[in-house]
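In what comes next, chain A is part of two complexes: it sits with chain B in the first one and with chain C in the second one.
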Partner chain A sequence: MRTKLDKNILWHLPLILAVFLQLWPIIFMASTSFKDMDQIFTSTLNPLPFPPTLNNYVAVLEDFPFLTYVYNTFFIATLVTVCKIATSVLAAFAFVYYEFKGKETIFNFMLLTFFIPITVLIMPNYLLMSKLGLLNTPWGVILPQIADGMGIFLMRQTIRGIPKPLLEAALLEGAGAFGILTKVVLPLIKPSAIAVTIFFFINSWNEYFWPLLVLQDKENYTLPLALQMFISAEGGSEWGIAMAVAMLTSLLPLLLYLLCQKYILSTFMQSGVKG
Partner chain B sequence: MQKARIPALFFLLPAAVIFLIFFYWPLAQNLYLSFFQWNMVSPQMKFVGIANYLEVLGSMELLKNLGNTLMFIIVLLILNFLLPYLYSYILGHLVKKYNFFYRSALFLPSTISLAVASILFLWIYNPLAGPLSIILSGFGLESPRWFKENILVIIALSTIIGWKVFGYNLIVMLAAMVAVPKEMIEAAKLENASDWLIFKKIILPMTAPTAVYVFTITVVFGLQYVLVPVNMLTQGGPDQGSSNLVYIVYQYGFIFFQTGKAAAFAILTMLAYGAFLLLKNKYLDKRIHYEN
Partner chain C sequence: MKNIEFKAVKKKYDETTVIQELNFSIKEGERLVLLGPSGCGKTTTLRMIAGLEEISEGQLLMGGTVVNSVAPGKRNIAMVFQNYALFPHLSVWENITFGLKIQKLTEQEMAKRAKEALEILNLTGYENRKPKELSGGQKQRVALCRAIVKQSPYFLLDEPLSNLDAQLRQQARTELVKLHEIYKPTMIYVTHDQVEAMTIAQRIAIMNKGELQQIDTPENIYHRPANTFVASFIGTPPMNLLSAHVRDHWIFIGDACVPLDASWDKVIAGRSRITLGIRPEKCLLAAEKPMVPAEVSYVENLGSQRTLRLTLKNQENVFVSTKDFTQAAASTKGFSFRWEDVSVFDYKTGINIGYPTKEGGKNHEIFN
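Let's turn to the complex of A and B:
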């Protein structure tokens, strides 16, 4: 028994190392954002700046239209998320509830979109947005993203887990398809649906590339795009301010994750399971 | 249960329309663009046949980008496939204490924007005053200019992706690891099977389908993620040292305004992806199918 215990303690070492490597950059980002210029260069590695300063945050709020960026990001992320989860649940429900010709093929076509590389999509979608006059508007960012192959897959996995007799009972009571979806299915899939919703929101909040192409004027920028402005060619010296913006950009995703980590982890553990 | 009055189509339509317009139609349009010479704004498009492809295929640029892409893939596979695989085994079968804490902490960077990660690592890797250079100088080493040297730039950029994606892939992999029945492993242990034998005969085959999936998303998405730090930090430099098949499409399309060449590169990338997925299906998929 004794050797077994020792062996298991040994396995904690690589885990602790990995946790350190994963968390240290975040801790470092946080501590740097509370350091003044001197502290950044003289006590770079010290995780607890003393005295901590709020100057970097004040500078961000005063010198940049920071709240505009927050609003832009929030608007886009919210709309993308709401639409994505709606289209995902609707499609997933159809794949579980109905039997129809070509079901498997249609499902595969939807799932396959998940694997289409962004490179073949950017130019045509950019040109389309330009034709529709949606460049430089949040709608141009939102529109191509309101359906998601992975979302459909995850929601289908969850809805499949509902015992068939429950659905059949509702059917016998005369409920229509829509009634079954809203009254039986939705309440039962709530935890996973919330987890997927939060993950969609975090991803959309964090997104950089497609907004970069669509949004050209600075006043329309989202937070990840605004970050770019804090990198000057050779590294610059405003690291405190850059880290403060990075912190503010990460705050909401981190909070959402910490609040719902249990749901998120268990839902995404399903995403690699076939069937 | 097919007696419902609302047809299935009603539920499928919203997603289907989006997929057709913004995912499948662009594929066709990309192919179309690849046969023309155009600069995205001029009203005239000049039909050039397969000239764009010939130009791309005959260029040293393709070789360079292909080589870089392969290098990115190798580093990403180590950071985001091999390591998560090993760690998921440790978390799934060897360590019970603090298990949820480990999962949760390791996943945390997955919630951080790649734009944030890029700017953070630009500072961490800063050769003059960044924390890594200070740590290295503690060992009497001089920090290389990570983003300015060939090969090093690919490793440095990949670690940004590695940091962000490691935890996500670990969680996906862990699902398969914990699904391996404990009784099976206990039984093998009672028969004095070595740890290695248990790993090879039980763990490896039973987790293979998910491992293949993680392998696939590491390659397919890894390259697309790389786009963010490459664009923010190196713009493909130094001297195309961090350019790759994904970035070059963006560069030709949106910086050089040569849509034809960009489209040709995009189609070739798409074919490479397709070939990769087909090979994966043929050789790697064990095709384990659970009916419900």
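Let's turn to the complex of A and C:
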């Protein structure tokens, strides 16, 4: 018994260290957002703000167009997510349900897109958006992201886990492809689809590089870009305000994750639906 | 007419032909069982009727119309799958009414049909359960319910009882026949279990290696098999197949010499070698002067009967089923048979060469 306990402690030590390393910046962010400027520089390593102050949050909400940034980010992230999950599910369903020439080849080509570095794609995408006149608009951020190879791959694996007789039974009952997708496939892949949707949303919400290239006017900025303003030369050294913005920025993804935690974990653990 | 007709139907996967030319028809309201060993093409044949497999060559007619390119949903077919294929996210009620909703039936009509089916199959009270909350037997009955509420003229079943235990299976067989009597659909049932086939079928179609071997009533399949494959596939133990030489009016089995019955003269005429088929229960044990001398090499007690394995001098084995449990039976000196219980097959092709008729000629009618 004792040796088992010792073993457990040995295993736990590195894990606790890893959790601490992950959490430390978040704790630091949260505590700094509740500190005023004096405290930030006097008690750097003390995570507890004393006394806590909401001044930073008040400043963010009163002095900056914070809600505009939230709206911009939400608009882009929602549209990107909806488009990505729709294209992923539809393409994955087609890859499983239909038999067509070159199916495997097309799928393999799609897998190859995983290995193309994002930096390689930036130039052609930027030129395309420029030609379409979509620079400095949310559409310019959204359009190149409406399909995602990883999403198609994940959804295809999940749909493949549905026993074929279920699809055939629905077919014999008179359901068309759309009916099979909506009445049989979607309800069965719901947990995985929700998990993938959350991932898409969080990724898009946090995206920095591509919006930075496309969006030039400040009123079009998303939250990660706005955050940069407070840390850059422009915002000076307003660490407290910057951390308050960071806190507010991470709040929605965090909430979403907590709400859908069970789907995300189950998707990781079984990566499919059992029949 | 809700009949089904295969006209030179073939199924190929790339270059491999899995169904050789099929030519047969299923009558309206008939219970036909497709029987054969694993991989014989019976499920593929059923799936071609359902429209789940494309037909490579030939024509499939349903109700007189060619349906080769008709979508499965438009063929008006009800099907029960081997693993039931119940939708796990839907309740029993929703599973049963799934197809009816697509057909856009009125709520009233839907409820009427579903309630009736649930009652027939003793599932009343289970409407709100999910499939995972049901036992194997209940799942199977829900699958049947879903099939019968459609009231389709065609009823296809793909080994629907294979996941049930022996006792439930017997009960389900009776239920199936009862259901058929109520709705009278054209029913095609796939199984590899000969007991199921014999008890359910009005006619059995036996397949092997993608070829139809015989299609006939269970009685004829059992007593008048079209070839040695059917003879050895049906029956436990299967029909004894003995190689025999024919000379004048005598046949030689092992080292025994048996006079050929005059009624068989015309049928066997001109053949020097034949394969003689005798069902184990038609072999008569003989303590003295048996037609074919043999030694008992093994006795199997099945409770209601015993199966004796007799070994002939030429090392051929003959199985004899008997209800005689006396010691005398176990110490038999051989066996005899009656000529009216015999089937005769061509030695090389294994095809049944026919039976004597009253007029003394051959009778081939059963093989057409």
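The rule we apply is simple: the second predicted complex is superposed on the first by the 259 of 275 C-alpha atoms of A that agree within 3 Å, B and C clash if a C-alpha of one lies under 4 Å from a C-alpha of the other, contacts with A are read in each partner's own complex, and residues count from 1 in each chain.
The criterion applied here is as follows: contacts are C-beta pairs under 8 Å (C-beta built on N, C-alpha and C of every residue); 3 or more make two chains touch, one makes a residue touch a chain.
All of these numbers come straight from a predicted model, not from anything done at the bench.
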item	value
Fit-or-clash call for chain B and chain C when the two complexes are aligned on chain A	fit
Chain B versus chain C as contact partner of A:82, first or second or both or neither	neither
First (chain B), second (chain C), both or neither touched by A:169	second
Partner chain in contact with A:29 - chain B first, chain C second, else both or neither	first
Contacts of A:59 with chain B and chain C, given as first, second, both or neither	neither
Partner chain(s) touched by A:187 [first = chain B, second = chain C, both, neither]	second
Superposition-derived comparison: chain B or chain C, residues of chain A touched	B
Which superposed partner A:37 touches (first chain B, second chain C, both, neither)	neither
Partner chain(s) touched by A:70 [first = chain B, second = chain C, both, neither]	neither
Gap in Å between nearest CA atoms once chain C and chain B share a frame through chain A	5
Residues of chain A at both interfaces, chain B in one complex, chain C in the other	168, 171, 176, 275
Residue ranges of chain A touching chain B (in the complex, touch as defined)	8, 11-12, 14-15, 18-19, 21-23, 25-26, 28-29, 32, 40-41, 44-45, 86-88, 90-91, 93-94, 97-100, 106, 109-110, 113, 115-128, 143-144, 146-147, 149, 152, 160, 167-168, 171, 176-178, 202, 205-209, 212-213, 223-225, 227-228, 230-231, 235, 239, 242-243, 246, 249-250, 253-254, 256-257, 261, 264-265, 268-275
Residues of chain A touching chain C in the complex	163, 165-166, 168-176, 179, 183-184, 187-188, 275
Contact set on chain B toward chain A in their complex	1-6, 8, 11-12, 14-16, 18-19, 21-27, 29-30, 33, 40, 87, 90-91, 94-98, 102-109, 111-117, 119-124, 126, 128-131, 134-135, 163, 166-168, 171-176, 179, 209-210, 213-214, 216, 220, 223-224, 227-228, 231-233, 245-246, 249-250, 253-254, 259, 262-263, 265-267, 269-270, 273, 277, 288-292
Chain A contact footprint on chain C (complex, rising order)	50-52, 71-74, 77-79, 81-83, 85, 87-89, 98-99, 102-103, 146, 150
